[in-house]
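Naming follows writing order (A, B and C), and every chain is counted from residue 1.
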Amino acid sequence: MEKYSINVIPNNSESSRKRMTSLPIRQTVNLISIFILLFSISLQAQTKTIEVCSSCKVKTIKEGVTLAKNGDTILVKKGIYKETQIFINKTIHLIGEDYPIIDAENKTDSVFAIKADNFSISGFKFKNIGISYTKEIAAVFVSHSNNFTIKDNILEDVFYGFIIQRSKYGVIQNNKIIGQAKSEASSGNGVHVWKCEKLRIEQNTISGMRDGIYLEFVNNSFVSNNTSKGNIRYGLHFMFSNNNEYHHNEFKNNGAGVAVMFSKFIKMHHNTFHYNWGTASYGLLLKEINDAEIHDNVFEQNTTGINIDGCNRINYKNNHFIRNGWALKFTGGCYTNIFEFNNFMHNAFDLSYNSRLNDNKFEANYWSEYTGYDIDKNGIGDVPFRPVKLFSYIVNKTPETLVLLRSLFVEIINFSEKVSPIFTPDNLMDVKPLMKPINPLD
Amino acid sequence: MLKILKYSIYDLLRSRWSYVYFIFYLLIGFVLLFLNNDINKAVITLMNIIIVLTPLIGTIFGVMYYYNSKEFTELLLAQPIKRNKIFMGQYIGISLSLTLSLVLGLGIPFVLYGLFRSTAIFDFSLLILVGSFLNFIFVALAYNIALSTENKIKGFGYAILMWLFLAVIYDGLFMISLMLFNEYPLDNFSLIATMFNPIDLSRILILLKLDISALLGYTGAVFKDFFGTNKGFFLSFLVLCLWIIIPLFRMSRKLRKKDF
Amino acid sequence: MINIKNLHKKFEKLTVLDGLDLTINKGGISAILGPNGSGKTTLIKCLLGMVIPNKGDILLDEENVLKKWDYRNNLNYLPQIANFPSNLSVIELIKMVKNLRPKESNEQELIDLFGLNEFLNKKLGNLSGGTKQKVNIVLTFMFDSQLVILDEPTTGLDPIALIHLKKLIKKEKEKGKTILITTHIMSFVDEMADEIVFLLDGKIYFKGSVDKLKKQTNETDLEHSIATLMS
């Protein structure tokens, strides 16, 4: 298609070529370069800074944007700006000074709607973005844009924080998004990304939204050093997104935890998932994830540390599972996953397994429930550890029996199963249980 | 009654067994904290101990005291005191001294390890409260058994059997019925079955406060709805009180006809 | 003083008291005798309210005492087996019983009499059987009550203590007290008792003075008279 059009162009512009032929080619090249030089100088001379404030000549941001040309900076001074529907389709830099407040007064329109490259927005405080059941309304709505930066903003009581669509090479950094979500239907996501590539979402703090960060069809991106807490659904929600890496994030107190679904080649490391308590909560939900690396994460006090559903070829290493209800819960067919050098400490159940077959490898982990001995003092217990308890098996069949948790009867049947396993997978055991935890946290 | 109570406590506070019990709890407290060094974790481990051992010790202690002080009781019976008061005095005496051992035995190590600066203080207090209730309940049950059984060996046997039933067998039957009838909605059944066993009731009360309720899934939600509210909380303590009052009521009825 | 009417008591299938009627007048020492299992102790325990009769009435000074407890304030009882809480000391026990009966008491006199001063601070668990019985006697006699019931009072006593006990009983009798004694020592009965009540098969088989009994059985010796009664 492209080749064809190239062939066509010369034929169409024959008249212009005839005019140009009177000049020698060398001269033409010179002339063009001078022209470009001149143009670029004039362009530079034209970039300006437009100041916006209540006592300035330009009183509204919208007016500033209208006046601005490519490359201009709009400096918005402290004050309250009651504006929405500011459309931007040029390369401009919006800078807030001392956090000017943009109050959308709960109108059902986004504040900024942007379709431009190389723009930036920083230093604003957005308030009262209206809630709609039909439209996606955000403080900043970006689509079809490349190389943009959105940073250092504060968002309060917003429906959606940022919506980014069909864009590339964007940076969303150091923003603070605070929502007051009450129900899933009447709330939006903090950072909502759809069909994007090569984004960096980092150092943001997001709370009280539906999902803290939502990524769908997003590839080759980094999510790092964010804090996502107290969101009513997921801290991070991740679907159909391959080759991403997320690390050093903190996910705390979210309604359901973090969900990573239908994705390949994901790296997850140095994240903290904690206090995700609720009847259907988990630290991390993995659904149909293949070929991932999960290492150096902390899962503490979640109902379920990791809920693993149909995931294959994942390496779990150096993770800490501390005081969860279930550290690991397998709910679908999972094959050739490797768990090694993890700490399982004080979980009500270390492992819940849905089948009697096992194709996953558990080796050289530390299990706080391990009661074996180490005669040769090599740091590895001499008897294997079986992480699936009989009670866990019974609970899998009849969840109601969980009310007997920690009853003496349960301890007794667990013990008898440990001595001679009948119901739990025969080969599911750690043959080299560690005597001491790996890299203790404190 | 207060006089009897006073002398029973006086007698018990000098008994070797009170100290054994006290030192036992003291050791458990220190060992737990030494191994865990984290009050929150120690509280959870402690729950298992309290749920299982407090009833057992209460039962044994109650039966033992009854049979050992039989002659003394007869001496008291010849004094101008109501029968009921003699036994109530003794009963409260044993329960209180056991509770005292529990509170001090566990309280001292936990306070030394900084309980008051810890968030676990409420959980710990609940644990102690439930432990005290279990003391009172199981001493009452033990006294009932002892009053109804002249033979000391038989009395001990029945008392241990009673403990074994409530601590282990009951839960076994409970689990089997849950598994057998798992097509039916079982939440109310579970709730009621829990109420009928003071050990289960205490266990659930503590579990829910330790916020393991989320583990319990849907049934947990039903339990949380019930126990989590103030109403449910008070109701379950009311049931625990009934577990004390009903045995005591039976005891006083039994006493009206009992020959010594 | 004591008026017992138609008293019945069954322990499961075993009938112990079978329509017993007994009147004991104020003042004097009555010995309740009978073979083992004749219902002596049961009768006393009924009187004390420790055993609940199936049928019948017990009146003390014209007042029905069944299911009551405050009448025991005017009653002293010496139990058969003196077994006290082993963790208390002698003085603590005495204080305690005093505490339970807010009534005048003369324990010091008795302590001196039985030479218990050196044992006052000893734990009851460490005392010999005889010393325990002495403590038992002190506890019984330290109060001034109209009715005194002694169940095998001589158990474990050395001769000197026995002499003291006899004196004590006589002194009480002189004060006009009513005293009931059960014992198997016939010489003690012969020496002390004004009246003998002989129980057999849950009924009063004989009631009267020692002389009357001897006369009725044509024996000169009390032991033999009793043996004759039993056969």
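We take it that contacts are C-beta pairs under 8 Å (C-beta built on N, C-alpha and C of every residue); 3 or more make two chains touch, one makes a residue touch a chain.
Owing to the predicted nature of the structure, the values given are computational and were not obtained by experimental measurement.
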item	value
Chain with minimal offset from the mean of all protein Cα atoms	B
From chain A, the most remote chain by mean C-alpha position	C
Approximate Å spacing (C-alpha centroids) for the pair chain A, chain B	50
Separation of chain A from chain C, taking each centre as the mean of its C-alpha atoms, in whole Å	91
Chain centre separation (chain B, chain C; CA means) in Å	42
Residue ranges of chain C touching chain B (in the complex, touch as defined)	11, 45, 48-52, 69-73, 75, 77, 79, 81-85, 87-88, 92, 96-97, 99-101, 139
Touching residues (chain side chain A, partner chain B) in the complex	277-279, 281, 303, 323, 325-326, 346, 348, 394, 397-412
Parts of chain B lying in touch with chain A, wherever the complex brings them together	41, 44, 47-48, 51-52, 167-172, 174-175, 178-179, 182, 186-187, 190, 194, 199-200, 203-204, 207, 211-212, 214-221, 223
In the complex with chain C, residue positions of chain B that touch it	3-4, 7, 10-12, 14-15, 69-72, 74-83, 256-260
